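Below are two complexes that have subunit A in common, paired first with subunit B and then with subunit C.
== the complex of A and B ==
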């Protein structure tokens, strides 16, 4: 359960600008770190490429959910009108598909939206009530003018001293270790 | 193939951003236009009602592209867009072809009685055997004087806004002033007038072909189609220029993807409108309304109706849904040509069945080979005029403040 997931803590380093953060992200991915993240007060163009992030699978999740909604609703309207409750409505055929296009459309959209919303939560491992990174007083700047790189302690390449010196070598300031629980 | 035609010399002046060609494209288009309009007279002699309906279809088809250009330009200014700055000059020039449509409206004036049943004096005359009480009730709107005044008004409004926007934009190329606010002051009222004029133009020129029938959504239905026409023509032109190494690195794959996204969205919007129109009429099943669809489901029109459902919605929807499709230039060219073709089929399906045979029955589907003549004829004149204006100035707004931002635009 992600709500009470224990996070092991991070090594935090501050950077001066968007440019140096982008540069740092490139260096981090080049060095082979996997469990690191960049924090900034606003989205930065080119960050995805710099961090070598894969394209999000959200499109496929939403598409699958939408298709399930469409097929499910076609099946439901067909079943109710042919097998469940055969009724003649305004002199039309039992299964008048035209009449059900709005509801098929609506359920397709609804399930797509569910896929988008819950898929996003699941992929981001949310909701998560606490993150040890908030233990850093300096990190409060991230909502205003701070640019940070954090490396999680369970990264396969993690070694506290090495990570610290590496962050300093790529221009990180105020490097600190924020311990988790 | 003609040797001369295949060797189109085209140079791109990278200092002034203008196209220098030998003038051949313009001449070819003009000759094609004149020759095929001449050929279409053969169709007139064969069956004049068929010819005029067909001419109207071709006229509205090309007009949609010009209107689409006008709409994209207006939209660019009112939404403060910056991604579309690189394509702004092209859409301005698409809209700038409006004067040619005033000229091309003349045959429609001559064909008024062939096209519009309401224009006959006897249907409004209570003593005549052809008296039609329903049309008498609509006489306040459906009369010749009002038709001429309103038609002229629509064309005048479009010409005026296209002219103002293009003139200001070209002025900017030399002065380099920031006209952002001036553009907005033109575009904001322009947008309102555009919505009203296109709606009523579609009522007057297409819906009133069957004067008993009415659909309040018809204007939106036509608008969704004209935007598609504009977008797909823009894509075809951009890909043509790209094949000649023009605008390389200025209009990038990111812009193609954005135009394709718009196209994809409006394929859905078009289907939404088309279905909404059909759905309410089908559900209520009132004889005053439903016959419009009934005579489009007989005499060969059922094939065209199905072609529109699958060719204008289902196929483009599935084909354009992925990001890969929207970013592949060759595939986009194919889809643009396909959708533009479907635009013609849609308009043909709206306009053509309204023609009446001698016995009062509706025209069956009967695509004569000379039906292509007005399409190529008007298209030739349209493209000649477009190309003449397009090549006489820089093809991007070179001094616009947002140009650099637009060139660097990226989808995230």
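== the complex of A and C ==
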């Protein structure tokens, strides 16, 4: 059971190869489906265009986090050296920024990495340990050598019979309905 | 399938195949997962037993060190940085090859990296854990270690951000965290594979939790790939900066022989050199023990030897240049430091270093030698011995500083030796646990470089 919303059931169809999955993705987006996904054991080149996905906003998340890290660390080194604990070292100015670049750089990188990692998890809604799609025995192949298209039942164009026949018409095999909660 | 097989043979002619044999997606999954799913052999238990014993010895000695203080080491007045710093630089250096393989070669689209990338990254993490141990115990009063962090405290003191030792804290700490995240992101799809194959409850639960519910949908892959790309992108300048910063521990001091601008690039080259040697050692063992010859192909090994030849030559050039500049500078202390290295009390260590690091990688010019597995294995170990001695030679510069009356010779005690050996035990304990429970080859990435992974393969599109 999901904590936040009911997870929709899906119609699942298996495809033979990366080529046929890519082809299917093009047909799906041409037909106007929105809530569908193409599952594969590894990312497939050109799939984003075939599914007409928008560019991932990851770059903005990472950029923001990195900037926060950089500004934060500049502020910390400035504050500690001007107000926190003044030290004269080699007769240099209190805020001798050149010497602070290594730590500023490190924290910029650190927060960017957090942005990349947690941003990816958030956008993918992970961790999500349960999903109705795992109810399909066939779907276990997706992490091995299976290629699948899934259509969620809350897609505006959803009609079980139509979706099934459409998936078959574009080359899907073993079409299966996986019930939601 | 038969048409695929035919295409594969055609492709062999057109472009080189990264994975030997006639692999399918399924065979890659099986070959890699079988390592984790089958019970480990006697050899694994034997190695694990030895490693754990050494680790326990390490912890025991560290416990004694905490009780007694750093006096149990062979430190003396000029040589205040004994083996702890040698080992620290050695282990950080080992780690660098993992990041180079996983991040730099990824950005350069060197797809041969896929087979070695996972365990090279694992090696990075374990090596950095071993590395972090040494400055931690070297501070003496470990309970005051939090002083290196900018935490508000009752003394109203703040760390000195101008100190290279503090830069180390930030650089190596960040390096460890980023490497761990990068490694874990790469592991998610493969953990999902193990989750879907798991038979018993415990593995289902554990792999299930760590796979985070990965479904392999392209809407997930889209963000995933970008996160992976960016992590690679930020790890690249990071890895170059980390060893540069480690070198500034030496270079920003006024000790002759340390105070040189050549240190950062020379340390980075040396780090990659030693790290590749370590990856080579581990890969050769793993491919033998787990019969993965078709995944860690001889082509991959040969390319690794190219990298070692390149970085080894850079290291050799740096040694020569250091000597030349010491003479050219006209500074008598600088000159003395280098002549003393080569002909002084530590000459034995210097010539071990030269033999292992300058001469031995040149053997990789010969195709016969760089394609021979025993030669690769021996040379990879020789190089690591040499790289340990490089750091030893550098740190021992301290033994003869400006004032002859304060000169002293450093002799390690049993605790120096024991903690170094124990750190290898810790490293191999973690590495063996990794081999036992996690996929040692990035399955999803290897599948991605198979010819069938190309959607336009075989003209089906």
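Keep this in mind: the second predicted complex is superposed on the first by the 174 of 181 C-alpha atoms of A that agree within 3 Å, B and C clash if a C-alpha of one lies under 4 Å from a C-alpha of the other, contacts with A are read in each partner's own complex, and residues count from 1 in each chain.
Heads up, the rule we're going with is that a residue touches a chain if its C-beta (ideal position, glycine included) is under 8 Å from a C-beta of that chain, and two chains touch if they have at least 3 such contacts.
This structure is a prediction, so every number in the text was calculated from the model and none was measured.
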Overlay on subunit A: subunit C relative to subunit B, clash or fit: clash
Partner chain in contact with A:78 - subunit B first, subunit C second, else both or neither: neither
If touched residues of subunit A are counted for subunit B and for subunit C, the larger one: C
Touched partner set for A:140, first subunit B, second subunit C, both or neither: second
Contacts of A:59 with subunit B and subunit C, given as first, second, both or neither: both
Which of subunit B and subunit C A:94 touches, first, second, both or neither: neither
Stretch in clash, subunit C with subunit B, out of 326-334, 380-388, 416-424 or 452-460: 326-334
Subunit A positions touched by subunit B in one structure and by subunit C in the second: 43, 45-46, 48, 59, 99, 102
Subunit A to subunit C touching residues, read off their complex: 17-23, 25, 37-48, 51, 53, 56, 58-59, 62, 66, 76-77, 80-81, 84-85, 87, 89, 92, 96, 99-100, 102-103, 105-107, 109-110, 112-114, 116-117, 119-121, 123-124, 126-131, 133, 140-145, 150
Of subunit C, residues touching subunit A in the complex: 24-26, 29, 150, 156-162, 164, 166-167, 170-171, 173-174, 177-178, 181-182, 184-185, 189, 192-193, 195-197, 208-209, 212-227, 230-231, 234, 237-238, 241, 245, 248, 443-445, 447-448, 452-458, 460-461
In the complex, subunit B residues that touch subunit A: 275, 278-279, 282-283, 285, 321, 323, 410, 412
Subunit B-facing residues of subunit A, complex: 43, 45-46, 48, 59, 63, 90-91, 98-99, 101-102
